[in-house]
Each structure stands twice: as structure tokens, then as C-alpha cells.
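Here chain A shows up in two complexes: once beside chain B, once beside chain C.
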Partner chain A sequence: MIPFDFEYYRPSSTSEAVQIFMELDAAGKNPRYYGGGTELISMARMNSLSFGAVIDIKAIPECNVLEIDNGHLMLGTTLTLTRLHESNLFPLLAQAGSRVADHTIQSKITLGGNLCGSIIYKEALLPLLLTDTEALIAGPSGMKTRQVNAIFNQSVQLEPAEFIVQLHMAEKYLALPYIHVKKTKQDKINYPLVTICALKNGQEIRVAFSGVSDFPFRCSNMEAALNERSRPIDSRVARALEVMPVRVLNNLEGSADFRRFILTNLLTSVVGSLEADAI
Partner chain B sequence: MKEMLTEGLIYLNINGEVRKTLVRPADTLLFALRERLGLTGAKPGCENGDCGACTVLVDGWPVKSCLMLAVEACDHEITTIEGLNNTPIQREFVEKFAFQCGYCTPGFIMNCQGLINIHPDASDEVINEWLQSNICRCTSYEEITAAVKSALNTVNNDPVS
Partner chain C sequence: MSDSYIGKDVIRKEAWDKVSGRAKYNSDYSSPNLLHGVLVCSNCAHGYIKRLDYSQAVNMPGVKKILTGADYSILCGSIIQDRPPLAVGKVRYYGEPVALVIAASEAEASAAAVRVVVEYEKLPTVNSPAEAIQAGAPLVHDYLGDYKHVIPEVYPTPGTNIVHQVKIRKGDMQQGWADSVCVIEGSYLLPQADHIAMETRNARAEVLPDGQIIIHSSSQAPFGIRKQISEHFGVELGKVVVHVPLVGGAYGGKAAVQLEFLAVMASMATGGQPVMISNTREQDIMASPGKIGLEARIKLGADAKGILKAGEYTFLLGTGAYADTGPRMGNSIAMNCTGPYKIDNVWCDTYCLYTNHTYVTSFRGFGHSSLTFAVERSMDKLAAAMNMDPLELRRRNLITPGQTSPSQVMMTPSILGNVPACLDKVAKLINWDKGARIRLDNQRIKAKGLACFWKTSNSPTDAFAAAIISFNSDASINLNVGAVKIGPSTKTTLAQILAEIMQVDINKIHVEMEVNTRTSPHHWKTVASMTTFMVGRAVEEAAYDAIHQILSLAAIVLQCAPGDLHMSPGRVYYKDDPGLYVDLADIVHGYKYPNGHTIGSQIIGRGTYVMSRLSPMNKETGQGKTGPYWTPGAQAVEIELNLADYSYKILRAATVLDAGKVLNPASARGLVMGAMGMGLGLGSREYYIYDQEQTLQNSSLRTYKVLRIGEQPEYLVDWIETPHEASAFGERGLAEHGILGIHAALANALSEAAGVELDQLPVLPELIWQKRKEQQL
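This part shows the complex of A and B:
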């Protein structure tokens, strides 16, 4: 049982959602945008998060779009991970989402919730980082687009009243060879020790990571090292880890040394498989 | 825009019947089902989305009712274990001894019913994927898997069962 009260709003348009957010915020009600709500409910129940109002954005038609239009896949951010998996329009994203929590919860967790919630792993972000994805954002000044890799750069860089309505990526990326691999400490359903998503775009390998640090990332210097085909793979992986721009996580799921060990092995395997066209 | 600012009446479509109930916006669907509507088949376990004992179907899909607000469930079709009557999966749970203490059973059965509805041709991989959403501390997993496979077989061979 959630031990405090809050107000519930279900707007039917993006402008209505932003307007009510600003009004509630001005009234000191600490509003939250609400997608699947799994994280808000579980944290509220434990009293580790409080808010005075939730704004459920699932009734906004633009947030439920799932279609290919004009050479781009358009994904509404209230699509559930299950819906993405069942449609399989973007297999790498479908696979990444299918390893978040368990199957039943995946039919409640939304794409936007996985990206913008407080859990640090955000595994659905990795395919978006690899595909030059653009986000359509609703906010006080109307609608605007921004690159996903600019929004999710060491933290979620959105203004308080803003929320992501849709994600757009070029159709050409959807069928590229890819690898998704997630290693956990023990059970299949758990937070990642290391999750890697990799795409092969022509001869270029792109790689994004979760579980390695306190925020998912993609790094051009690491990719440059990994794509230097004149050198053996293990040497390239070693170089990539030297230039890795993050502090490796050291927590109950695994020590930093163990994560580096896993990462070295996985990267060697991923690069080798993609270069061998074994996918 | 729909809104609910304080405790108030909502209408829920449960097991084919529209039920009126008083809830706070902060009340979960699990709380409303059990404490307001007397539908105690969905069980409170972890109340954190981990155990699956509270699983119900919402528009045919399994949902952990501890992680859904009651007000959020308006305009959706909810099916609880009380809405199933002598279905193949219920019969197979008995036939295969797929429970011991029985506390997790309603949640498992609702998850399995969702699987049977949505993926009647489910592969072993899909079955395993779906069953990982529920926990049985009596560890009846082998028997539960056998019950699902048998129910799928029954449904596929006799769709009106």
C-alpha cells in the first residue's frame, strides 16, 4: 500500500500534459510524468520517493505511435517493452527490452520509463545510442527534436516540464547485423554486470554499454580503437579499455575488476563475431 | 483530461462485470481487488513486482496488480482468477500436481492463461520466458511447466475446451 496520497491526471494531448505539469509544479505538488508506473509505485510504496501528483501520459495518441513513416521508425514512448518485442520492428531494441526485469513486468514498463526512470541501467537506451536516434520532446516552448545521445549524456538532460513523446531512427539501421549480450551476477533476471549492444554499419562496428558505469554510454574513441582492423582483436580491445571514459562500477553485483574481466571477454567475442559476419 | 484528485468512485470492468468501487488515486489494483471488491484470488506477496502472486489479466495480458494503480485500470478489461471456471490450465494444475501450498497458484494460472490466449503455439523457449515472471517457493516449477504444455496441447487439439 502506498502510504501517501497523490492526485492522478490523464491528459489527452502533449500540450495538456505540459500545462498541467507546470500548474502542479507551481502549486508545489512535485508532479511526475507517469508511463508504466512500475518504478514510481514500487518506490512510493517503500516511501523512498514522494510526489503530489502523477500525470499519466498513456492516453496521448502521439505517445503510442509504432510505425515506419518516410524511412524512419517512429516509436511512442508509452509503448511497452512487450509491444516492442512482439512487433519486432527493431530486433536489437526488442531483444534489449526483453532482458529488462521479467516478461510480465515488460508488459507494463514503457520505453520512456526505462529511459527516464531512476534505475541507472536503462538498457533500452543502448540501441538508440547506436542508431543516431532523435527524440521528439514536448515542453513549455512546444515541441522540439534533439539527438538522444545529447539528452542521455552522463545524466538525463531534460528540463523539469519536458518529456519525450517519440523516438525516431532511420529505417536503414533496423536490419543491420547486431549483437546483444547481457551478463548478470547469477539469475537471468537481474541488473547487468555488463550489457553490450553492437551494430555493424558497413565495416564500422558501433558499441554501447550498460552496467559498466553509473550511466549507459557509447564512446567514439573506444569505437575507433575497436575498428582499427590492422591490429589483432585482443590488442584493439585492450586499447579500447584504456580509452574508456568512465569509472567502472564497483558494487554488490560485481567488483570493478570482475566487470573489466567480463567486458574484455565480451568485447573480444562481439568484435570477432561481427567481423566474421557470423551474425 | 481525466483526473482524480482525492478518494472517489471508479468503475472497473472485472470478469465481464462492471464494478463500482471507492479508491484513492494512490491505491493499487491489487488493493482495490482484495480490500474493496472482495476478490481475494490475487495474492499479495512481495508487492514489489517480483513474485507474480498478484498477477491478473488486463486486456488479455498478464499484469502484476501490485504495480498498477486501480484508477489506471479504468477502461480496461480485467480478468482475475475468479473469472476462470474449469479452464484447461486449471484442470492441468490439478492433474499434474502443479502446486503444494497453493499461494502462488492464482498468479501462475493467470500468467499461463495469458500465454495460452496470446501464444497458443508457444515454444519451450517462450514458455520458459513467461514462467520466469512468477516465483514458487515450494519449487513446483517442473510440474507447472508440464501443466502449461498439457493445457496448450488440450487447447490446440480442442479449441472449445
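This part shows the complex of A and C:
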């Protein structure tokens, strides 16, 4: 049971949402944008999060867009992971989302919620990092567009009143060869020890990681090492791990050493499969 | 009646209510005047309560009262009284209840509970049973010597963390080691875990103006609640009434009395108003009792043929911060310490130890599942050391009638059952002869593991059951027993026994599902897989009592001797001429002659049963008999291990147990499969994770993982039927047993596949990786 009362708002436009947010914020209500609610509800229940108001953005038409327009896939951020999976317009994203939590929860969790919540794994972010995705953001100064890679860089870099309305990526990426692998401590449904999403763009392999560190990432130095085809795969993977810019996570799911072991094996098999066109 | 009800798949009586969602559980009740209690739990594992300030909380809307340990000086416990319902002075585990907020609604109580401020002065913690037993370890209980003993057979050592110890001394150890050519040793580690019953624990209480205390609880022990509440609150036994409706899973966790104390305290503090306390999942995991932890060392010696000659066992049982039934589980482990094997020379020391972890209570298997893991891993180590097939080693050593148990009970076919037959049948089920280890390709290995088990009960020697049957005027029967309906279809099985003996249609037997301590006949507790045995015997006796009354009355009506008559469905007839009969409906409420004269009235049958010839264990040698019979069995697991990341799949899991007589095969199969699933969960993922300060890290189902649909293996279940002569139709209890050896079989299979000794639970891929790394594999 949530041990505090809060107000609920359901705006029908982005500007209305931002305005409500600013008013509530000024009134000291500590408002939160609300998508599927899975995280806000479960954290509030445990009293590890509190808020005076939520602004449900699911009634905003732009947040529910799911279409290919003018060479770009446009994804509203209140689409659920289930909806993304069922539409399958971006198979890599569909697959990454279908391994977050369980089926019941996937039909509540929104794309935006997975990206902007406080759970550190954000597995739906990985396909976006690989595809030069742009985010359409609503905020106090109206709408603007920013690169996803710039927003999700070691932390979520959005102003408090801002929220992501849509994500846009070039259609050319959607059909590229890809691999998604997720390894957990034991259970199929759990946070990742290591999740890897990889794309093959021409001869170039792109790779993004979740579970390896406390924030998902993609690293150009690691990709450079992995794409150095003149060297054997094992040594490329070893080199990529040497230049990996993060501290490996050590938590309930597994130790840093075990994660390195899993990561090494997974990366070797991912690169090998993509190069062999074995997918 | 041509068809027998024994050995038939009979759908449980409450099935339709359950599958349609209409069945009512205890916390489904609501009422406008019902108050709600919400617990404030400690976030410190061991420390003095320096400050407990509820001044802000008590002024919150709807709050009626806030209770702390200072309000009631009660120490409770079913074996040794060591636990205050709310912490007094200090806390001993993370999650321990320190205050109880009572408010008009659960929401208001929850909102106030987070405003209760508690500050602690941290004390050094006792982190494991091994740490607990060390000289100079911090003491979890400073005044252990002062606690009241509920039973005489509990032996604490004041000034230490040892709350109980048990010894087994059998045979001559020196001779045993001298006769051994091969000796192996192993150490095993089983962390604590949780029951995770679907229905979390909950209770409500109301104190009536005349002083009666009415309790509704989700419990396995309504009569235990009545006794403890009566004692601690000084209320006459008969003035305490406990109601238990359907229970949504228990697994031993609802045999402990905890929330009932708090609900009664809360009602007393609010002028007798009804108060409900219902655990959240998180509180159910961290605040209410869980499963024991166990650290075991086993040393086995065998002669050149692999025959066991000596066994030395040390068990450190972690009972957490309070004893509850921990000491009794220590007895259970010691009493059956060898597993179902014949060993003439046995030395066992079992210590039950306090730690700063969640306290424990009974858990499916009552210590035997932890014991069996250690024993069966040891058997595989011995087989490897002797270069023998693990199946063959077990075959050569299984206990058979004419031999004695560690506590020196002489085995007979009725008492023991047939263990070798179970092992042979399970080996066939799992195709043991097709190879225990098969390399599939350069990454994957398929492997199998075996385990044997046995279990008997460890009840008070005067534990008894009773049954009352009463006839309705249409000759249908009401069956009333004191056993709780916790899931295993027991009440339907009892109806089968009654239908069979009375020769009535089972649809004409109406079983009372709720227990009411004022109207239901007494039953010790619904635990230990003993309910069908104990209550079954009482039902049998009640049936014969009713038959005797019916035949006596019918004999008058039909002008013959009772012995000339025979019961058949719906009527009693004259054996020599079945055309001469009287309908049951015409006599079960008395027989009325045409002139209006009536003889007899309602037929009410009564039956009771107390287990015979039981004795507690001797303090120095362990000698004694604590249960009437054993249920033995054998299990096997087949896995596929991936060497690339040490992930594995559980492909098949098999159990063959000696059921004596399977009364209801479908429900028995379901019970054994469910127990295997639970055991495989413990084997592969379920455990309490504590950090360095002994804070429980996984008190939600997000992080405390249980086996899901899709992760279940193919289950194989079969039976051996060696009757237990003293049971109704020869049955043996089987509700717990599927759990007992299954994680041992899993660890044996994984050890075989990975080439390393996996001697702790759960077996996670990281553990396999760690062990292989240590061995530089």
C-alpha cells in the first residue's frame, strides 16, 4: 500500500503537461511524469520514493505514435514494451524489450519509462544507442531534438520539467543484421549480468552494453578495437575490454570478475556470429 | 458398492470454489469497524534501541494507538520462550517488529508507520552458525539461562549462542574407522530461505466485552494459537476461540504463532475492537520466520566393498535470532542423520545456534531437506573416492528391515517401507544405465544425479487427532476434524477414507473446511505430513463407531442381531436376504414406527487417535522413537550444463517414494511435483542474501527468485506401496517428501557435469565458475 496521498493529472498535450509540471513543481508538489507506473508504484509502496503528484502522459497523442514516416521510424515514448514487441517494426528493440521483466509487466512498462526510470539497466536504450537515434523532447522552452547518445551519457541528462515525447531513427537501421543476448544470474526473468545489443552496419559492428556497469553504454574505442579485422577475434575482444571506459558492476546479480568472464565469452561469440553472417 | 474410493483420482471438494475465485481466505474479510495494524520493522540486525519516537505518527489521521515492546512483557516460543512479539531493549535481526501502528485503515496505518522514528546503537553481529559457535562470539541472547522451557528436552548453554544440542552415540567409532579402507570428508553450506506461500501470513483478533478472545488466522496450528494466547494473556483456554478458513499455502511457515500475539495485543489496546494484521510480501520474508540455515560436516568410512562402517556428523543449525521450532529440527536432523543407510557406528553432534538473521520455523521437510543434501553429496564423494557407480554404492548400503536407525529404532517393513525398490525404480525412470554423464558437443554436457531420502515425524509423544461425523436426515454425512485445509487435498482424502469404510457415495460426505477450536475436535497441528495418518485413523474409528450405532438400531428394526446385517450404499440389509432392509435415511435420525413411536436419534460417530509407543530422544545417546513410521524414497535429476557460461537447464526430475498405499494418485502426484519444484528452487536460486551488516538484501520477489512456469523440468513420479500396517489402508505421509533429496540430486548432477564439488546451495552459474576457477579447470 502506498503510504502517502498524491494528485493525478492526465494532460492531452505536451505543452499542457509541461505547464502542469512547472506549476506543481513551483507549488512544492515534487511532481513526476507517469508512464506505466511500474517503478513509481513499486518504489512508493516500499516508501523508497515519494511524490506529491503524477502527470500521466499516456493521453498525449504524440507519445503514442508508432509509424514509419519519411524514412524514419517514429516511436512514442508511452508505447509499451509489449506493443513494440508485437509491432516488431524494429526487431532488435522488440527483442531487447521482451527480455525486460515479465510478460505482465511488459504490457505496463513504457519505452520512456524504461529509459528514464531509476532502475539502472535500461535495456531498451541499447538499440537506440546503436542507431543514431534522436529524441524529441518537450520542455519549458517548447519542443527540441537531441541525440539519444548525448542524453543518456552516464546519467539521464534532462531538465526536471522535460520529458521525451518520441524517438526517431533512420529506417535503414531497422533491417540490419543484429544480435541481442542477455545473461542473468540464473533466472530468465531478472536483471542482466550482461546484455549486449549489436548491429552490423556494412562491415562495421556496433555494440552497446547493459549490466556491465551502472549505466548502459556504447564506446567508440571498444568498437574500433572490435572492428580491427586483421587481428584474431580473441585478441580484439581482449583489447576492447582493456579500453572499456567503465568500472565493472559488482552487485547481487554477480561479481565483477564473473561479469568479465561472461562479457568476454559473449562478446567473442557476438562478434564471431556477426562477422560470419551466421544470423 | 463395486467401486472403491481408495486409489482413485478424486477431485478435491473445494476445487470449484478455488478455481472460480470464490474461495475465501482469512484476509478477504472486511468490516467497517475493522482496525488495521501495520508493523514497523527494524532496519538494524543487532543493536540497542536508543530512541523510539512515535510522537509524530500517533497524531496522524486515523491512528488509534501505537504499541511498542514496552507495552507488553511477554516472551513467547513453542519450545523455549525467548521472543518478545515486539522487540524489547534490543533488536536481533533485520526485519524484527519494533512497533505496531493501529489505525482505522491500512492506508492510514501505513502512512503513520513510516513516521515512527527508531534509532539504534549497533552491536557486533553473529553472521553464521559457524561464527555463532565460536568462543567469544557476540551473544544474541544475554539471558539465555533465564528463559522458560516449554518442553523439558531442550538443552541451552547459557553464555553462548547454543540454544540446543543433540547427540547420537551408536556403536563403536574406533571399530568403525578400523574397518574402513576408504574415508571421505565433506563440508556443506545451506543458507536460510523463505517459504513464499502464495497467501502471506495474516491474523485478526477481537476481545469481546465478556473477555472472550476471538482470533481468525491463516495458520496450521489453531489449537497451538489457542494454548499460547490463553497462557500469555491469562485467559481461560475455552474463552479463546480460533477460526482458520482455507489457507493459501503454508509449508510449515504457518505453524509458528507470531501475528496472532500482535493482533490480540492490538485489540486489547483499542478497547477490544477487531484488528487485522496482514504481512506484505516483504514483511512475510523478513519479519516472519523462514527456513533454517545449515552448516554440516560429514565423515564417512567404508570397507573395500563400499559398505559403510562409520559415520561422523556435525550439524550447525542456524535458527536465526529466536529458537521457535529450531531445536526440534535439530532433533530431526540428528535422529535421521545417516540418511536411509545402514551404519552400525554413528557419532553425531547437532547444535542449534542463534544468529542475527531472520528467525526460523518449520519448513517443508523439517530439517530433512538440508540433512539430505549433506548426506547425499557425501555418498557421491564416497562413490567417486571408491571409483564406484553412485547407484551401486547406494544399493549396497540402503537400510532394510531388521536393522536399526541412528536413534536405534528397529526397522520392520511396516515401519520402514522398501528403500531399495524406490532406488531401483527411480534409476529406471531416469535411464541411469544410459550413462550418468554425456558430452553433447564441445560446450554442452548432460548429466544425472541421484539421492535417497527418508523422513519420520518428530511430534510430541502425546500428539493426537480426533474426528466427529454426524448424519443429516437424508443420510448424508458431515465430517468435522481439527486439521486445517492448507492445500494438499487432505480433507478430500479423509472423505475418501470415510466413504470407503461407510460404503457411502463420496458426494454425500460434506467436509467442514474451516476449523473452529470451539466446535472442531482437537488436532495437534496440521504439519509433518502426518494429517492423513493421524486424522485418518480418527476418521476410521469414527466411521466404525457410527456403523456400530447404525447396525444396532437397524437390528431392532429388522428384528435380528447387528452381526446379521450389512451396510451398503444407502441402506442396511439382512445378509441372508438382501430384500430385507431399512433405508439409512430412515434410521440415521432415529426410526419412527407407523404408530409414531420412535427409537434412536441422530447418529454421531466419534473417533480419536494418539500415536503409540513414542519416546523422546535420550540426551546422551539420542536413543528414542519420535515418529511412528518412515516414508523413504529416491530421486534423480537430469541437467544440461553449458560450459561457455555455466548456465544450466533442469531437464527432468524424478521421485519414487514408498507411499504405503496411494489414496488419491492425482493429488499425490501434484504434491510430489510441487515439492520437487520447491526443492529445485532452493537448489538453484532461492536464498536469503545478507550484506556485511546482516541487512537482508532480497526481501522482495523482484530479487528473491522462485522457479517460474517455463523453468520447470519434466516431472516423473512413481510409487512403491509397502503398507504401514497402522495407517488407514496402509498409507504413508508424502506431502513434504518430494523436496527432500531433489536439490542433492541436482547438485550431484551438476558436480558430475562440471567436474567440481558443488557443496553449497543454491548452485548458481557463478558458483560453478568459481569452483572451476579454483581448480584451474
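Here is the rule we go by: the second predicted complex is superposed on the first by the 279 of 279 C-alpha atoms of A that agree within 3 Å, B and C clash if a C-alpha of one lies under 4 Å from a C-alpha of the other, contacts with A are read in each partner's own complex, and residues count from 1 in each chain.
FYI, a residue touches a chain if its C-beta (ideal position, glycine included) is under 8 Å from a C-beta of that chain, and two chains touch if they have at least 3 such contacts.
These figures come from a predicted structure and were not determined experimentally.
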| item | value |
| --- | --- |
| Partner chain(s) touched by A:Leu252 [first = chain B, second = chain C, both, neither] | second |
| Partner chain in contact with A:Phe261 - chain B first, chain C second, else both or neither | second |
| Touched partner set for A:Asn149, first chain B, second chain C, both or neither | neither |
| More chain A residues in contact - chain B or chain C | B |
| First, second, both or neither for A:Arg10, with chain B first and chain C second | first |
| First (chain B), second (chain C), both or neither touched by A:Thr133 | neither |
| First (chain B), second (chain C), both or neither touched by A:Ile189 | both |
| Touched partner set for A:Met1, first chain B, second chain C, both or neither | both |
| Touching partner for A:Asn47 - first (chain B), second (chain C), both, neither | second |
| Intersection of the chain A residues that touch chain B with those that touch chain C | 1-2, 4, 42, 45, 102, 188-189 |
| Residues on chain A engaged by chain B in the complex (per definition of touch) | 1-2, 4-12, 16, 20, 36-38, 41-42, 44-45, 54, 56, 59, 82, 98, 101-105, 107-108, 188-189 |
| Touching residues (chain side chain B, partner chain A) in the complex | 1-6, 24-28, 31, 47-49, 52, 55, 61-64, 66-69, 71-72, 111, 129-130, 132-134 |
| In the complex, chain C residues that touch chain A | 106-107, 110-111, 113-114, 280, 282, 644-645, 647, 684-685, 689, 697-698, 700, 702-703, 705, 708, 710-711, 762, 764-766, 769-770 |
| Residues of chain A touching chain C in the complex | 1-4, 42, 45-47, 102, 183, 185-190, 252, 254-255, 258, 261-262, 265-266, 269 |
